[in-house]
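Look at the two complexes coming up: subunit A is in both, with subunit B in one and subunit C in the other.
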Partner chain A sequence: MSAAGVAPTAVVAGRPSRDIGIALTVAALWLLLALFVVYPLVMLFARMLGMLGGRGSVDFGALLALLTDRNQLRAFWNSLLLAFLVGTVGTLAGFLFAFTATRCRLPRAAVTAIDASVLLPLVSPPFTTAIAMIFSFGPRGLITYGVFGLKGYTVYGLGATLFSEALTYFPIAYLTLRPILTAIDSNIEGMAQSLGASRWRVFRTVTLPLTVPGIANAFLLLFAASLADFATPLILAGNSFPVLPTQAYLQITGLFDLRGGAALSFALLVPALIVFLLQRYWVSRRFYVTITGKGAGQTPFDSVSPGGRIVLIASVISITVVVAYFYALLLYASLVVALGANHTPTLAHYRVIFTDGWNAIRDTLIIAGFSMPLGGLYGILLGYLVTRHRFPGRRTMEAVSMMNYALPGTIVGIAYLIAFNDPPLVLTGTALIIIACYVFRYGPTGIRATVALLQQIDPSLEEASQGLGARSGTTFRRVTLPLIMPAFFAGLGIVFIRSMTAISATIFLVSISWTLITVKILEDITELSLGPAAAFSVLVVVIVFVVVAGISRVLREFRAPGAPGVSLFGG
Partner chain B sequence: MSGTAMGVDVDRVSKRFAHRVKGEVYAARDVTLRVQPGEFLTLLGPSGCGKTTTLRMIAGFERPDAGRICFGNDDVTGVPANRRNIGFVFQNYALFPHLSIFENVAYGLRVRGEPEDAITRAVSDVLALVGLGAHEQQFPAQLSGGEQQRVALARAIVIRPRVLLFDEPLSNLDAKLRVQMRHEIRDLQRRLSITTIYVTHDQEEAMAVSDRIAVMNQGRVVQEGTAEDLYHRPATQFVAQFVGRVNLIAGVVQTINGRSATIAALGRAIVARPSPCDLIAGDSVQIALRPEAIAIAQTSAPGSLQATVLSSVFLGDKVEYLVRCGDETLQVARYNAGPTTPLAAGTAVGLSFAEDAVVVLRISRESAT
Partner chain C sequence: MIVVPRSVRRLVHATAAVALALVALLSGAPVRAADTLNVYSIWPENWARPMFEEFEKASGIKVNFVRFSSGEALARVIAEKNNPRVDVLFGGPVETFAAGIAEGVFEPYKPPTFGKLPARFRHPDGQWTAIADDPLVFMTNDKFLKEHGLNAPASWNDLLNPAYKNMLQMADARTSGTAVTRIFSVIEVNGRDENKAFDYMKKLRPQVQLYTKSGGGGTLPVGLGQAGAGIFFIVDALDTKAKGYDVTISFPREGIGTSAEAIALIKGAKNPEQAKKLIDWATSPAMQNLFAKYKINFVPAHPDVALEPSLAEVLKGTKIFPIDADYAGANRKRVVDRWVAEVLNP
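Entry: the complex of A and B
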């Protein structure tokens, strides 16, 4: 046992891989990444550059003309403005919820109620609140027309889009901020108090500064989500407030101008990429580690005055009531003939979606059913390889795998459309193109969960297995896999939820043979058959809730005692 | 930096908690403490004995369900922590990770609205006092555990607190540093003569720093006194076992003659000075005997107890023996004055001890946990 024999294991986290199995897996993953991440983006870029120059030459002038077009410029700035406002409002609401949940000494049941109301927007198609907005504030809206009797009032525009997106995305901020507020050692706040600081001063000088990295993170996540959202503006923004993703969509579906759509979606890429890089490489390094020894499990710091507590709880309840109202309205609308006009109860809308809409339901379930295991497997394989094995280009592989996840769905969708419409690989019109899109776009959640989990598991566990003579395949199967099962199921869950609810990328990829519920809902909305749209939305929420509940149950089962936990909505 | 020292009176203070299984439990029950101005009192006890809860009530982090807490003549029972003017040092230091060392220490002064130049002077002085003058601009994460502990100490004393409170301040440090830091804390407290209440589960630490120690068990104070009192005159079996190591031997009171008693134990009559004075002949008792109070010799002197060595452990400064004496197994420690060879297992030995080394305890059902 010389010192030299000990040193390498102490320094090297992963080990050089000589196993043929590992090498083959790495090669296969590279091939898939090249095909489904790099190739479409290269094709998108090529199509955009060659857009008007025709045969081989690049016409920057025409590209510039499109990008500097007054309408498109306005759409660009509108997108940024909307994203900024959604980020601000959503982060505020998320902080309010997280602070109330962690600092108001609420009974357990109340915290569970908050969690449930926050979960609802997360598992719905992104435009669910948008439909409810129209039901409430539209031309024949329950509130504008029904209660106030307003005529000719128009809800469409920035306000409605902002409201709807903030309500849809604030749960992301809540889920980001809550663990951070929980992790702040209550002794630190108690210490500030014992030094003479009032509650407000403790909040201002200790709690808030310690949460700033989380707030920045939440803001960037919401900014990116809003920037990528095209369904909500499509329904609510109206003509007065064009945004980029919607413009790109209309350019392609309306004018069938694939090149113009490509260029517009590319303009989205710059802010999206900046936000992603900021979030990953700047904010993530600014988190303070405050968890030490005794902190957790102690009585929470008494940080809220009785009056403040009432204000906080009242605000949370009012937002929760709005969310609950929207979803109740959606359910109600699916069960009456025509909301706002004829409130006779009926199951007709459900009959419609299970007859005319049956294909969409079947296709969606088949696609989600295939995407889910593939995405989960892809997530843990790649996550495991990049954290536990050393091979050339390991960091690059991780970065490339994150691209489809980081980019707005519109870009990914258009890139797939361009890349797989022509030989060598024609996938347009198949289910495979949609499945591939989901796997490579949402599988990265599983990668991140796996990486996070593996970083908490000491490599010596695997070294012990190898020391006992197991090959890396055996070690993976017998030791690592059981430990990262939670990440696998978290990956499964996210891919399934997104397969059921996403639209921004896949709207470009549906065909006559394969369509999706979300696309069908959008069609229904544009055709003003709001009843079936509501029924579809309710169905999606119910299916997702059932599956998520099932997966959460399995997650609990699989979590070995003492093993680090993984949340379904963690990353 | 020393203000006028002020006493602390804790008067029949209780705190209940709702426990998921046991229902309502008392974390502290009728705790009464009188801390003299400038005194260093330690609350000593196993985890869960209520010492930290008591300290947190004195700090104002918890509100007692019953009882009164006074600083000097001030009743502070209902006063929140930020208006008690205390200095608190946490086990995990609780430094503000987002503030520099200077700003950490300055925090309490800024809250008090002191002028900038006074703050600068006070912070520099106190950092020099704890030996961290050069670290002002660093952040907590850049310091070692011992240095962080000193910052926490500086931050607590710079506001000239009426009372200084420590919650297991040394348990995150390694053994050597722990010994060094406890001397520093003791030294600083003497120089500043701040009334100090200190919580620890480490009896050696308690003995090293305190003027007086209050031993707590199951929410109550079971004995108060100096380190010598507790060690040589434990009032209960729990204190005897918790403070130091002890042999507890069953016995029966034979006779009481004034200030001494004869106890039948270890197969003979042992003369001892009983601590409970209400014993009568025939009572079942336990006698407590420290391992180092027993002399062990291979040649049995007249009057010594016959015993057999079961095992021995050489520990450098001493040898620890387990010996069999009648029905009892006893721990015996023999300190090494020079190179010695431990007695082998099976060796017949004679044991002897002084009369005043024997403590008679009533049998109680309370146990060390």
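Entry: the complex of A and C
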């Protein structure tokens, strides 16, 4: 996350928009938001209360019994505990990486290596580490038994889930913290030291306090990510550590208790909303204060002692080795007949995914291909309108546009399933429902990037264009758009990555005509057809790497000299 | 002065136009054509796919299918009742179908083979018809047995041996038909004394390392030795052995349940004629003779289809009883709820 989360109200041009084009665009966006954000959530709530669609009136007693069921309460607290731990561990790891990358005077190649190893978990389907965990730990695990000779150790539970989620999500913390650590003027640290402070004291009293808002932001992002994740616990949490997103999923798909599943989802809404509001109104505001302007000549500050440097680098290398080990294992699993029984090399699994799995690959690419431009367009349009134009309900629009982003995917998916399965708008079974889900769930990254960029561009440029007689549409196309191209591509990139890797919402939306690679992987894992699951995962990693590299290239082309940089993952 | 590259403008225009055009295209519903059929398969893809390909060869009708575990498939069919997305529910234990009848999601249909099938392989009104029979088995890891000096379990009570503590994997009754058949087996061997059956299952609980989402989910952990043993359908167990894992298949002397695998026509199916053709084909020797060819170790339901010799060898001398479909259907929800409350989360 860059400085994108800042409230945009302060820099809005003071000119109310009377332009018909603007009015129409605003109306269209409101219609879309009403349809794909508000309507599903209202329907979910109504279904839960039994106001429609259900059989007969709602049995509040049963609903209350479900919500206060000892086991569901335990799942609720487990979810919070897991999210808290993932937030803590992941932020620590992310800080470690960011601090090492920015303060250890590493050679360029080493920093690139760190970036690559961090990118890997970020672009993989969220449960690929879970596959590797099953292999490595357990009574006959490659590591527990093979290396340490432990017997009777079982992998399933809090530890494994925490480990897997922290490893998957810590890159978010890294990407949040690294720009902040880079932005801190090293002259400040240098001055503190020349005033006699030890390195540790400089870290404790200067560097750390300046990073605190970023740390809090990273923690909250990880907390939300963990709270929304149901696939990892589904595979690794076992039966002794139920968590709420998984319970809601089983309640609906296993027991076909839609009402109960909805109720459980809304229970998740409470902590999710608290986290969102905290991030939106507290952290993002404090965030800005730490950006101290463009540093003049930076004097390199020797912030790490030689011993500390070795410890830091060693820690980073060991985590990198773990990441590399998991993905090497995944690659290996995709290339042998049956991991654990028959290690004859084979390409059979790749043949399987390109024949039997071809539909899923094709569908995923088509859906990702459509979600990508739509999500990018949606992001810049909405971001531009709420930043540069004044119209009634502007702030509400921004808040509403963030809702699907902030809510756990399970809730969004269930809400879509309920809302679009019956008339007036029947979308289940189409690709459109999946595309809409991705656009409105991940498009907001583009909104944030657009808002952040526009805040750094003087509105007088656009006013000049309009003063010369250009309509707002023309001004937008010819002046604003080229300036916010980086945000467009950042939005594209995130929507594409998520379209290839997300599952929590869309598992409810796949159908006979449209299925997704991630859903196939999950099915393969639950059936323990690990070869095809591993091959699919490798394929996803390769596709995403190629596309992200392509987008990053275009992004560099479009960045005007001196224009603020936008990280592809900045949100 | 900012000059807008023409390419940028073109890009934006193209993006918007393509996006709009294709959204319209993509919103279409599943194809309804003379020669296609939409199916939810409960059988895993690697068995369902060859069957549907053979059916296409025989009839010219292409089958679009997606695979779900039985609980998920049934949940979908019920959810889509007002606007069915598929024509046929294919495979899966009969008790799943019994639960579907209660929800009114099937259209009765009696295929030509109906009269030839034993009573337990067909619903009296033709709500479903069986295509195969699938007994449960115990499957144990050979190395685990050797390490603990044990013989393969030959009684339900053998699984209570302390050696199995935290070493069993079996399916979760919330999502798996295998689990429901297993639970009804335990109830049956306890003379339908539910309390006695639940006492046993509660005693078994500490032995269980993981209740898996799907019926076959525990087979590979047992094959790898991550778990010591489990209770699975014979098809899944024999499949594990065929993959090269060293496992032993055994049966409890008290007996163990078997569940017919069924097929049914969905009420309101959009391609009913093609659907009926698939049902005719699947319930006849035409499909069931192919089980051996594709190494699908189901016991054929049609009396004219011979049991594959190696499968007959495995089943020799075992005590296998059918699960009473009416009893299971009527009590499923209550029993599963009780299992969740008393066994899964005591």
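As a convention for this text, the second predicted complex is superposed on the first by the 527 of 571 C-alpha atoms of A that agree within 3 Å, B and C clash if a C-alpha of one lies under 4 Å from a C-alpha of the other, contacts with A are read in each partner's own complex, and residues count from 1 in each chain.
Convention: a residue touches a chain if its C-beta (ideal position, glycine included) is under 8 Å from a C-beta of that chain, and two chains touch if they have at least 3 such contacts.
These numbers come from a predicted model, not from an experiment.
By the touch criterion defined above, A:242 lies against subunit C but remains apart from subunit B after alignment on the C-alpha atoms of chain A. Residue contacts after overlaying the shared chain place A:187 against subunit B, while subunit C stays out of touching range.
Looking at the shared chain after the overlay, A:107 reaches neither subunit B nor subunit C. Of the two partner chains, subunit B is the only one that A:195 touches; subunit C does not reach it.
Judged by the touch definition given at the top, the superposed model places A:340 against subunit C, while subunit B stays out of reach. When subunit A is checked against subunit B and against subunit C, the one touching more of its residues turns out to be C. Overlaid on A, the two complexes show subunit B and subunit C touching no common residue of subunit A.
By the touch rule above, subunit A contacts subunit C in their complex via residues 70-71, 134, 138-141, 152, 154-156, 234, 238-239, 242, 250, 252-256, 258, 337-338, 340-342, 356, 366, 370, 373-374, 376-377, 417, 421-422, 426-432, 435, 461, 477-479, 481-483, 485, 510-513, 515, 523, 526-530. On subunit B, the positions that touch subunit A within their shared complex are 59-62, 80-88, 90-98, 107-108, 111-112, 141, 155, 159, 172. The touching residues of subunit A, when paired with subunit B in their complex, are 185, 187-188, 190-198, 201, 205-206, 209-210, 288-290, 292-295, 299, 302.
Within the complex formed with subunit A, the subunit C residues making contact are 2, 4-5, 8-9, 12, 15-16, 18-19, 22-23, 26-31, 38-40, 44-46, 49, 64-67, 69, 71-72, 74-75, 78-80, 82-83, 85-86, 166-167, 172, 174-175, 208-214, 216-217, 219-221, 223-228, 243-245, 336, 344-345.
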